[in-house]
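Each of the two complexes below includes chain A, the first together with chain B, the second together with chain C.
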Partner chain A sequence: MTPTPATLVAVGAGQATATAVRLLRRRGFDGRLVVLGDEPHAPYQRPPLSKEYLRGEADRDDVTVLDPAWCESNDVDLRLGTRAERISSDGGAHRVHLAGGEELRADAVLLATGVRARRLPGVAGDRVVYLRTVDDADRLRALLPSAERVAIIGAGLIGSEVAASARDLGVQVACLELAPLPLLGQLGPRMARVYAEMHRENGVDLRLAQHVEAVTETPSGVFVRTADGAVEADLLVVAVGAVPNDELARASGLPVDPEAGGVLVDAECRTAAEGVFAAGDIASRFDPAAGRHVRVEHSDNATRQGTAVARALLGQSVPAPEPSWFWSDQYEYGLQFVGAPRPDAEVVVRGSVDDRDFAAFYVADGRIHAAFAVDRGGDVTAARELIARGIPVPEAALADEDIDLLDLLDAVEA
Partner chain B sequence: MEFHDIARSGQVPEGVVRRMFVGEVEIAVARHDGTVYATSNYCTHLDCLLSSGKVTEEGLLCSCHGSVFDYETGEPLSPPATRPVPVFPVREENGRILVGIDEKLAKAALQRRAARSRRGKPA
Partner chain C sequence: MIPETATAEWVAVAPLAELQRRKKKQVDVAGTAVALFLVGDRVFAFADACVHKGRSLARGTVWKGRVVCPGHQWMFDPETGRADGQEDCQPVHDVRVVDGVIHVDPRPRRVRNPDPQERT
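For the complex of A and B:
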């Protein structure tokens, strides 16, 4: 077993780093901990930025994930507004090169540089917002309440959540999506239609299969022209996915995924360089069950991988990757998804789709591969375990509300 | 501090979390490794009911957004919650579960996120 490192430098100050650092100190790690964040703000959670924070229901304190006072009292050297450019390694000894020329020595490095919002070429301006950072959220939060109508390009999670928050604030919303249904690849056609209906019921002008051809700023707003129509709005939010911040990894000679981007790591979040780990949105982790590398842009993934890195550094066993899980709160609905989408799966519904109170299980070969739920967090928690353990499930039991899903787990354990 | 008899021991078996009341105060009562723990039933993230959650090795898991709270201290061990959930002292005597509440704890437990709660369905 390799000895516990004396110094860990974490590059990136988001969810993965915050989780790793907190867990290390909680478990008695007494080495030096340095956290580098390129933003000037105390490390924060991003999920609220399109929801509670955007609507003004949460403030900075609510979203802070690594409190500077906690860092101070736990001897964590939190350096904000600090950008790292490269890591050079000599065996297990590393130097992290900062933008100003300073070098930090480290025995272990955590790369958690995250992703950034993908930009549409030439689409920018005073009335155009890309939402990724808390500064972006502050800008949108200031602009949104005075807007009569907002246009959103992209009906993925960020686009949908901004749409829902804007509707909650009484703003008209037109949302343009390239695909024939929103979240189609994730939800499959049946549930993607339900998802689209939920937004339309809440007043979103959701336009599908839209190819954006031009965006122009007008004196009073923004004009978006598509192949077969146009939208005028006071404000435009562009939510068309994210791009991995893997430049530092590339500059450091670390292997990255040639197609999807992101730093390649093994099941324990180790990169090809000894003592250098990657976690969170940036990490393309080897999933033994899937037999390939998987990169996931969700908060829970960052938390789990941050935990994995902390455990590896402490010489403890690292749990195998779990089914990917995310939540999204939109309107009065709490949405959750767990697992990997599988196009050939049959959808088995528990509860009532019409009442927006259900869990949909994606079943193939007698097993659950994924679940999507509206206001049924408990069912998703059960599904997560059924998926993780590959437990065969009778479809009738999934649809039967009188059967406790956790009993399906117990039946196997007994 | 006054201790209130809220349940038979058998009502909270190993690995289970239940919803109980002392007056207006709503409590999540969980048993982990034989020991009974009591916290406010409202997750400090968005007011989901912790009694709809799950007893895990690490702590009490909120099934809305995955926050985990330490059984003994109520500290959030896993985000998105960032604030501790109020914890009540518990005694288990003669097959009964007793939960201690004073004015300060009751007040802390009755505090909610004012804006918009997202409560889970009662278990």
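For the complex of A and C:
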């Protein structure tokens, strides 16, 4: 077993790093810990930036994920406004090269540089917002309440959550989505239609299969022209996905995923370089169950991978990757999804779609592969276990509210 | 009127049998929503609104000896209301079962919020 490293440098100060650093200290790691964050702000959670924080219901303290005072008292060297450019390695000894020319020695490095918002070429300006950082959220939070109408390009999770928050604030919303249904690849056609309906019921002018051709800033707002129409708004939010911040990995000669981007890591989050780990949105982790690398841009994944890295550094066993899970709070609904989408799956519904109180299970080959739920987090907990263990489940039982799904697990264990 | 005392004023809320099947139930205790859970053979009571985002815990799950919130899967220790890996603590009500009827103390128990860094 490799010895516990004397110095860990974490590049990136988001959820994965915060989780790893807190766990290391809690488990008695007494080596040097350095956290490099390129933003000037105390490390924060991103999920609230399109929800509570955007609506002004949470402030900076509420979203802080790694408290500078805690870092101080736990001997964590938190360096904000610091950008790392490259790692050079000589066997297990590493140097992290900072933008100003400084070099940090490290026995282990955690790459958790995350992703950034994908930009539309030429689409920028005073009334155009891309939402990724807390600075972006502050800008949108300042602009949104005074807007009468906001246009959103992209009905993915960020676009949808901004739409829901804007509606909650009483702002009109027009949302333009390229695909024929929102979250179609994730939810499949039946549930994507339900998702679209939920937004329309809450007053969103959701326009599907829209090809944006031009965006123009006008004296009073923004004009978005599509192939078959146009939207005028006071403000434009562009939410068209994210791009991995893997430049540092590339500059350091670490293998990256040629298609999806992101740093290739094994099931324990180790890159090809000894002692260099990657976790969170940036990491394309080998999933033995799937037989391939998977990159996930969700908070729970960052937490789990940060935990995996801390455990690996402590010489403890690293749990296998679990089914991907995310939540999204929109309007009064608590939405959750777990598992991997599978196009050929049959959808089995438990509960009432019309009442917006249901879980939809994606079943193929007698097993659950994914679940999407509205206000049914308990069913998602059960589904996650059923998916993780590949337990065969009769469809009738899934749809039968009188059968406790966790009892199905217990039956297998008994 | 009965004067308020320092001792618990137990309120009968539901027969134990009603908790057997689903292992969870929302009840009203003196105008406040309380969530009951059956964990193993013991009954526990939490304030129903999750301390995280206010979701109803009675709509959650009892799993691996923990109460799991349906909103964001925070996992609470039924004894103390402490959430795994979180700083917040769910208010806990004392419970007793008399002759097959669940009684709840309307006043939440005082639990010192532990330092989350001290916990595993």
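In this text, the second predicted complex is superposed on the first by the 414 of 414 C-alpha atoms of A that agree within 3 Å, B and C clash if a C-alpha of one lies under 4 Å from a C-alpha of the other, contacts with A are read in each partner's own complex, and residues count from 1 in each chain.
We adopt the following convention: a residue touches a chain if its C-beta (ideal position, glycine included) is under 8 Å from a C-beta of that chain, and two chains touch if they have at least 3 such contacts.
Everything numeric here is computed off the predicted structure, so don't read it as measured data.
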| item | value |
| --- | --- |
| Room on chain A for both chain B and chain C (clash or fit) | clash |
| Larger contact residue set on chain A - chain B or chain C | B |
| Touching partner for A:65 - first (chain B), second (chain C), both, neither | first |
| Partner chain(s) touched by A:103 [first = chain B, second = chain C, both, neither] | neither |
| First (chain B), second (chain C), both or neither touched by A:74 | second |
| First, second, both or neither for A:378, with chain B first and chain C second | both |
| Contacts of A:327 with chain B and chain C, given as first, second, both or neither | both |
| First (chain B), second (chain C), both or neither touched by A:365 | neither |
| Doubly contacted residues of chain A, that is, touched by chain B and again by chain C | 26, 325, 327, 329, 334, 375-378, 380-381 |
| Residues on chain C engaged by chain A in the complex (per definition of touch) | 21-23, 53, 55, 59-63, 68-73, 117-120 |
| Chain C partner contacts - residues on chain A that touch it in the complex | 22, 25-27, 70, 74, 325, 327, 329, 334, 375-378, 380-382, 404, 406 |
| Residue ranges of chain B in contact with chain A within the complex | 46, 48, 52-54, 61-66, 77-80, 82, 113, 115-116, 118, 120-121, 123 |
| Complex contact set, residues of chain A against chain B | 15, 18-19, 26, 45, 47-48, 52, 55, 57-58, 62-65, 299-300, 303, 325, 327, 329, 334, 375-378, 380-381 |
